[in-house]
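First the structure, in the form of structure tokens, and then the observations on it.
Every chain is named by a letter (A, B, C, D, E and F) in the order it is written, and numbering of its residues begins at 1.
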Amino acid sequence: QDKPQPWLPSLITETPQQGFELAVKLARKGVTSTQSNKEVLFRERDKYSNDAEHLMMASQVIALHYQTIAAANNYWR
Amino acid sequence: QDKPQPWLPSLITETPQQGFELAVKLARKGVTSTQSNKEVLFRERDKYSNDAEHLMMASQVIALHYQTIAAANNYWR
Amino acid sequence: QDKPQPWLPSLITETPQQGFELAVKLARKGVTSTQSNKEVLFRERDKYSNDAEHLMMASQVIALHYQTIAAANNYWR
Amino acid sequence: QDKPQPWLPSLITETPQQGFELAVKLARKGVTSTQSNKEVLFRERDKYSNDAEHLMMASQVIALHYQTIAAANNYWR
Amino acid sequence: QDKPQPWLPSLITETPQQGFELAVKLARKGVTSTQSNKEVLFRERDKYSNDAEHLMMASQVIALHYQTIAAANNYWR
Amino acid sequence: QDKPQPWLPSLITETPQQGFELAVKLARKGVTSTQSNKEVLFRERDKYSNDAEHLMMASQVIALHYQTIAAANNYWR
């Protein structure tokens, strides 16, 4: 198994809300897996979290991951 | 369970229209989960809600969430 | 039920073409649910309906909604 | 039925290639249903068909519609 | 049948890798079906293949087509 | 079979986390299959990995591939 504690053990969550929080985490992970340099991340995070277009793009990536997680949890039906 | 009242108890809605309203809510939540600072949100909301491209991006994120919610409700068939 | 006549009673349509028209309606609704001010909408509509990039973005949102509606109607098979 | 000859009688095509051609048609229809003014369409078409970013966006909308059509045809299996 | 040799006889491929190559082909076809003029294509290809944003958009269109092809091949399970 | 060792033998992974890593690999492959020139790739990688918008686009492509891989693995249920 992965030596360090796995950051994504499962896609299953108890509630739709926890599923949304996991989608936010995956969207962020998509950024940090492309750029791991903390300084760059902080500088860019400050930039994108203060700009409408980037906030919208973040919301879009979260929506894509939420599709995956909702399907994985059979829509918590 | 989450101490504060959960904002997303379920993906199930009675009608397609209520499903659309939930999709709008999720699209907004994607923005506020990235940026929680009220001032920034108001400033940016004023900007994006007055610009064609941003309005289109908002509509796109709503469309992605609507896919998820419609599938969760089996298309209200 | 919703007091005013519901604008989205169902995702079911008789034909693929009516399904496409419903997708166009949902794409527009995504814009007006973010910005309800008529003046802003007219000003921005004039802008985006005369610009290639915005016309393409509109077509993309329609395509996303058409996926949902086509699945809801089992592809009118 | 629709008085004028329907432009989208069905999503079913004989081959994957015809399915791709239908996706191109739907992507274009998404533009013309937002802007029906021929002059604007010609002017903008000239602009977007000569620009890498717009050509890429067109290809993206075609890809979304192709997903729908391929699923409708059960991937021509 | 189409007189010229069909360029897309089937979505079925032997391996996930061949499926990816077919997705690249479909993404390109989406561009050339919008703009068939060779000169424009070469000029724009030179532009987009040297620009991060365009390379990213190309990767996105490939990802959309790969979804379709992977589903068509039942994920090569 | 492909002479050189296939870079994509399968979509199946043991864990959701390995699935995410494969999605990152596919997103990158989408770029390198469009532009194989190493110098251009390094120059552009340096550019996009230091810019909020491009980092967001990369995360979006990863999210699309993750949808495919998660479905291929039946969400690791």
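Just so it is clear, a residue touches a chain if its C-beta (ideal position, glycine included) is under 8 Å from a C-beta of that chain, and two chains touch if they have at least 3 such contacts.
Predicted model only: the values in this text are computed from it and were never measured.
Counting hops only between chains that touch, chain A reaches chain E in a minimum of 2. A rotation of 180 degrees, rounded to the nearest 5, superposes the Cα atoms of chain C on chain F. Averaging C-alpha coordinates per chain and comparing to chain F, the farthest chain turns out to be C. Here the spacing of chain C and chain D, counted between their Cα centres, is 16 Å. Touching of two or more other chains is recorded for residues 48, 51, 53, 57-58, 60, 64, 67, 71 of chain A. Contacts between chains close into a ring here, every chain touching precisely two others.
Traversing the ring of chains that begins at chain A and proceeds first to chain F, the chains occur in the order A, F, E, D, C, B.
Contacts from chain C toward chain D in the complex involve residues 15-17, 20-21, 24, 48-53, 55-60, 62-64, 66-67, 70-71, 75-77. Only residues 2, 6-12, 26-31, 33-35, 40, 44-45, 47-48, 51, 53-54, 57-58, 60-61, 64-65, 67-68, 71-72 of chain D touch chain C when the two sit together in their complex.
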